[in-house]
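Shown below is the structure under consideration.
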Amino acid sequence: MLIVMKQDATPEEISGVVSIIAAMGYEARPMPGRQRTTVGLVGNDGRVDSSTIAGLSGVAEIIHVSKPYKQVSREWQLEPTRIPLPDGTVVGDREVVVMAGPCSVESEEQILAAARLVKAAGATVLRGGAFKPRSSPYSFQGLGRRGLELLDLARQETGLLIVTEAMDLDGLELVAETADIIQVGARSMQNYPLLKECGRLRKPILLKRGLAATITELLLSAEYILAAGNPNVILCERGIRSFDPTTRNLFDIAAIAVVHGLSHLPIVADPSHGTGHRDMVPAMARAAVAAGADGLLVEVHPNPERALSDGGQSLYPEQFDKMMREVAAIAEVIGRSLATVGTVV
Amino acid sequence: MLIVMKQDATPEEISGVVSIIAAMGYEARPMPGRQRTTVGLVGNDGRVDSSTIAGLSGVAEIIHVSKPYKQVSREWQLEPTRIPLPDGTVVGDREVVVMAGPCSVESEEQILAAARLVKAAGATVLRGGAFKPRSSPYSFQGLGRRGLELLDLARQETGLLIVTEAMDLDGLELVAETADIIQVGARSMQNYPLLKECGRLRKPILLKRGLAATITELLLSAEYILAAGNPNVILCERGIRSFDPTTRNLFDIAAIAVVHGLSHLPIVADPSHGTGHRDMVPAMARAAVAAGADGLLVEVHPNPERALSDGGQSLYPEQFDKMMREVAAIAEVIGRSLATVGTVV
Amino acid sequence: MLIVMKQDATPEEISGVVSIIAAMGYEARPMPGRQRTTVGLVGNDGRVDSSTIAGLSGVAEIIHVSKPYKQVSREWQLEPTRIPLPDGTVVGDREVVVMAGPCSVESEEQILAAARLVKAAGATVLRGGAFKPRSSPYSFQGLGRRGLELLDLARQETGLLIVTEAMDLDGLELVAETADIIQVGARSMQNYPLLKECGRLRKPILLKRGLAATITELLLSAEYILAAGNPNVILCERGIRSFDPTTRNLFDIAAIAVVHGLSHLPIVADPSHGTGHRDMVPAMARAAVAAGADGLLVEVHPNPERALSDGGQSLYPEQFDKMMREVAAIAEVIGRSLATVGTVV
Amino acid sequence: MLIVMKQDATPEEISGVVSIIAAMGYEARPMPGRQRTTVGLVGNDGRVDSSTIAGLSGVAEIIHVSKPYKQVSREWQLEPTRIPLPDGTVVGDREVVVMAGPCSVESEEQILAAARLVKAAGATVLRGGAFKPRSSPYSFQGLGRRGLELLDLARQETGLLIVTEAMDLDGLELVAETADIIQVGARSMQNYPLLKECGRLRKPILLKRGLAATITELLLSAEYILAAGNPNVILCERGIRSFDPTTRNLFDIAAIAVVHGLSHLPIVADPSHGTGHRDMVPAMARAAVAAGADGLLVEVHPNPERALSDGGQSLYPEQFDKMMREVAAIAEVIGRSLATVGTVV
C-alpha cells in the first residue's frame, strides 16, 4: 500500500502517518519525490483499513499495490483449477461444459421434457431453479423442495448432472443434498454468511457475478469460499448493469479474459441473463466460447410461450440445437471441445 | 401492460398474442395504429411474466404502464407513512432524524465515547455495526453478539435509540431483540428471505438502497416487507455505483425527491457511504436535508485515526457539531426541524 | 407515442392533454383503462417534443412506441446495406474486413513498417491517426497534414486502403481528400455539425459509438448522416463506460447482435479500445467475429514499446498474425470469410 | 508515475523498464518491496504515454501519483478563481449567480417574456439556446443567428447578461460577439478544436460536464482552455449517465464538493438537465446551493406547455419564484447570498 501525501504536506503530517502505521504494527517507508512524498506501507496482510489512513491529515490518496485477494489469484496458484464433476468431465480444463435448461422447474412434465431435449442436443448438466429470487413479491417464487425432487427425477432419467440455486442457509442444506453444482446467484454474491457456509461444503459452487460487482469483488467473494475451505469455485459472468436499456444487462465477455489473467479459477458464461433476449443468445454463446469460456449456462424451455419466468430469453429447442453445433465448431478452432458424458471412462 | 407488435407483424401473430393472454386469464385489447398494432393487457395483477410475452413471435416490445409495486406507492396511500420511534419522535413527518455513530462497534470505551458525543451534538439515534458485511474475508467482521450488548449499554447510558444491521436470519433475531431500528444493508437489499422475515416483525426497518438498484427495485424490496405485514419501512439512499472513481459511490440526492414523488415511505440519506470522504460529508448532509431527506445516517468516530473500518469517511467530533448546526438551519428554511429527544412529551 | 395519465388524473387534465396535442397538429386518441387512462398520439413524425407533454398536469409518463430513428432502421430497409470499398471488397456482406495499424502515424518508417506487417498478416485496410483527440492538452496530438501524406505513401506502397479520423470541419475536408474511409471518433459521435458535413460526402463513414452512448443514440447519430444524404455508414463498437476499472472500457459485444437486429447498417468492432490491454485483444477479436461483426479495427504497432500513444493496447506483429488465423477460422464457422485484396476482380 | 511489476518479474524485465524510461528522458527509480518491485518514474511532465509502459513485459500495473492536469488544480493556484461579469457580479466568490431562461430561444415574444420573469424573480443572467445540439436530426435545431439577435434584444430591454451555447468554430465566433458567457455543452466537452479556440478568447466559458465524463476528464477539458490562454472557466455539473431510467440523468451534487477540493475554478449546477423533471428541480436547486454551488443554471419558460424543447423540465414562473426565495435563504445559512444586479457599484 502506498500513501501519497499532498504536495503541501508538512513534515509533521508525514511523521504522523509514519507513526500511525507503526502503531498498527506495520513498517512505514517514506519516499520523498520531486513534488511530493509517498509513504510505503510494508507487510500489509489485508487487515489494514485503508479508509482510515486515507483520512489522515496531509494524505492525498491511497494506492493499492497488492491485490486484496490471495488464494484465488494466479500469483498464489499458477495452474488452472480443475474441478471434476461426478460424470467424469472437468470444469477448467480443455472441455467446455454446457449447462442448460429452463429458468424455473415448473412441473414434472416440463422438467423432463427440458432434460431430454438439452441432453439430445449435447448438454451434460441440467439447470433449473427450485428457489427463485424475484424482484417482485408477486412473481412466481419457485416450487422449492418439490422442485429439487423433480430435478433429481430428471437426473435419474437422463443421467444429466444438476445445477440449481440456493438462496439462504436453510435452502443451501437442501440444495446441497440434491445438486451436483450449487449455484449462488447474482443477488447473493455478497451474502457473506451464505458464502462462508458454501466454503464448508465440498461440492462445486457456481458463483455468479453480481449486477454491479467489479471483477475484483467477484474474486473477493470467491475468496470467502476458498478461505473457508472449498476450492471448487466456478465463476460465472451473467451481465452487469449499464446505462443502455436495450439489453437486460450488459454481457461483459471481456470478463472471461480478465478472470483467466488474474485467477486460476474457471469461468463460465450465461448469455441468457447476459442479454435477456432469445434472439441474441446464440451469437453471445458463440462469442463467449470464442473468448475462452470454460462453459455455458443457457436457458432453454420446451415451450417458452408457457414459461412461468424468463420465457423471452429461453431458447426454442431448435435454436439450442443449432447453437450447440456452432459452439462445438468454435471450441475446436481454439483447441477445445464440448464436454460429453462419458468423455473420461 | 402494452404489447407493441412489430410493424410487419402478421394478423396470425397478433391473434397468437391475444389468445396466449386470454389463456393466462387476462383480457387482451388490440389497438391498431397507423404503423403498427399495440395490444393492451388488462387486469395485470403483477403475476404476468412479461419476458414470456416479449418473446412471442411478432412482438417488438413490452411496455409497463402500471408500476410493479403496489402497497409502497403513493397511489395506494396518499398520506406519508409516519413511523413512530420509542422516544416519541416520528420518521416521515416534520422532523429530521439524525442517526450517527461509528461504522463498527469496536469496544465499550469507543461506543460510549461515540454515543456521548453524537448526543451532545443533537443526534437522537446511535448507529454502529455489530455484524459487518465486508468485501474481503480478511477484514474486521464486527464484534457480533458482544457488539449488540455494547450498543444496549450505550443506550442505557445516553437514552439514544439504536440502529444496527442484520445480515442473515439468525442475526436478525438477535438484532431485533436489541435494536430500535433494524438496518438491512445495501448488499442485502435483494436478500428476499431476509426481507420476508423483516416483514414478520413490527420494528422499523431501515432498508438501504443496493449499489446498483434502481429506485423501482428499492421500492420492490420494500414491497416485500410491507407485503409480509410490516408497514414500518424507512428507505435509505447511500450512493450507487458509477464510472467515476473520484468518490466511493455516487450519492444520488435526487432519489430523495423521486421517492417522495412515487412512495409514501420516508427516506433518509447516508452521506458517509454516499461519498466515502470525510471532507465531503457536511456539504452532502446539507444538500440531502435541503432536498427534503427525512433523516441522516452519518458516521462519526471519537478518534477516526484509530477506527477499525471506514475511518476515512468518519467525521471528527467537531466537524459533526458544525454539520448539525448547519443542517438545523437548512431544515428551518424548508419548514422542518431536527428531531430532539423529548420533542413529544 | 403514448401518454400515460396518473391514476387520479381529472377529466379536465385528460382533455387538456388532448387539446394540446390537437393544437400541435396531431391526433389524440384517449384509451380509458381499468386503473388509468392512456392517450395515444397518432401521426408523430419525430418532431414532437415529448418532454413538453411529459410535463403537462396529470401526466404520469410518456412511452415511445416508435423508434426515434427512421432511415437507419430495419423497418425502413430490410436488406443489409452493402458498402463497396475501392479495392472491390464490401463491408456489410459475407466478408469480414480487417482494418489494422498503429494508433497514431508517427513517422514514415513507422507507418510503412506497420502497413507492411498488417498486409502480410492479411488485413486490407490500414488504420492510423493523423489528428488525435487526447484527453490531456499535453499529450501527443498527431502529425496532422503530414500524417495524411504518410498514410497516402503507405497506401501507394502496399495497396492497403486507409481509414483515419477527422475531428472538425477543416480536418474533415483534408481527411476526405486522402482517406478511403473517414472515421468519426467516439468523442465526436454527437458533434452534429461534423455529422451533417459527413452526410454531404459520399465516402464511407466509420462512426464510433460514444463512451456513454446508447445504441439508440448511436443510430440517431448515423441518422444525421443518412438524412443529409450519405448512406455509407459503418458503425463501430469500441467499448463503453462502466463502473469496473479493470478494463479501459467495457466492450459491448452484444451491441453487434443488437445493431444487426435493429438496423441494416454494418457494424465493426474495435477490441483494442474495447479493452485497453494487448493481452485481451485476440480473445475479444475472436468473440466479435463469432458474434457476427462485419469487420475489426485493431491496433498493431511494429514496436509497441516505442509507441507515442496507446502502446499498451497495440498488438505485437506476431500476436496479430496469430489472431488473424484464428478469426479467419471462426468466420468460416458462421459462413463468412476474411476479406482479401482482389477478392473481386 | 509508479510502475508496479508483477510478482514474478525477472531482473531483466525490471531493467528493461528502467532503460526504456531512461530512453524517454526521465529518471527511473526502482523500489524493491517484500512481494514485488515498484519503479518510480520521476520528472513526468504529462507527456509520458502510460499505456506504452503498461504494456511492457513484466509490468502488472501503472499507478498515477500526480494528477494529469496542472493549471486548473488547487496545487497550482490555492485561491479560488474569481470571474468578473460585465454587471459587476463575480462568479467564484461569495455570491451565488442564477442563470435562468428557456431551453431554446423560440420567438421575440417568448424570450422577452422569459427575460422579464426571470429578472423579476431575481436572476441576473438569461439563458437560452440559439444553436441546439439535438439527438435526433428531426428535432428543432434552434433559430441560429436570429436567436442571438433576440437574446441581445432581451439584454437591452432587461439588463440581464446572456449565456448561450456554441457548437462549432463558426458558431463560436458568432456567439462570442453576443454572449457574456459562452456555453460549451455536455456533448462538446471533449471537442478539442472548440476548446482550444475558447482558450484564445477572454470571455468566460461555461464548460458543462459530459454525460460520461469523470471529474478528472472535466478538469482536463478545462485545462485545454487555460493552457490556450483563457483563465475564465466556469464548470457546470448537469447530470451524468446512470443505470436508473427514473431520472433523465443522475445529478451528481457531490461533484460540487469534489471540484472545490481539487480545483480553484468555480462550479455551477444545472438541476434542470440534472433531473429532467420540473417537479424535482426546486429540491435539487436547494441541494446544490446547500452543497456550495457558485451558481445555478435553470430552465424556466413563460409557457412550458408550448415549449419547442425541454418543456417538461422547465419551471413554471411561480415555481421559479418560490425556488429563488428558498435558495436565497439557504445561501445565507452557509454565508453566501444570491447575486443581484448592481451589487458592486
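Just so it is clear, A, B, C and D label the chains in written order, and each chain counts residues from 1 on its own.
Methods note: a contact is a pair of C-beta atoms (placed from the backbone, for glycine too) under 8 Å apart; a residue touches a chain by one contact, two chains touch by 3 or more.
Keep in mind the model is a prediction, meaning the values are calculated, not measured.
Colleague: If you walk from chain to touching chain, how few steps can bring you from subunit A to subunit C?
Modeller: The distance in steps between these two chains is 1.
Colleague: Suppose chain centres are the mean of their C-alpha atoms. Which chain sits farthest from subunit D?
Modeller: Farthest from subunit D by mean C-alpha position: A.
Colleague: More contacting C-beta pairs: A-B or A-D?
Modeller: Spelling it out, more C-beta pairs touch across A-B than across the other pair.
Colleague: Mind checking the centre-to-centre distance between subunit A and subunit B? Centres are C-alpha means, answer in whole Å.
Modeller: Each chain reduced to its C-alpha mean, subunit A and subunit B end up 27 Å apart.
Colleague: Round to the nearest whole Å and give the separation of the Cα centres of subunit A and subunit D.
Modeller: 39
Colleague: Multi-chain contacts in subunit B: which residues touch at least two other chains?
Modeller: Residues 212, 240-243, 245.
Colleague: If you look only at subunit B, which of its residues touch subunit A in the complex?
Modeller: Per the stated touch rule, the residues are 20, 45-47, 49-56, 68-70, 133-140, 167-171, 187-188, 190-194, 196, 210-212, 217, 220-221, 223-224, 227-228, 240-241, 276-278, 304-314.
Colleague: Can you tell me which positions in subunit D touch subunit B when the two form their complex?
Modeller: The contact residues of subunit D facing subunit B are 212, 214-216, 240-247, 250-254, 256-258, 261, 274-275, 279-280, 283-284, 286-292, 326, 329-330, 333-334.
Colleague: Quick check: in the complex, which residue numbers of subunit D touch subunit A?
Modeller: Against subunit A, the touching part of subunit D is residues 2, 4, 6-8, 31, 33-36, 38, 40, 42-43, 61, 63, 65-66, 75, 241-243, 245.
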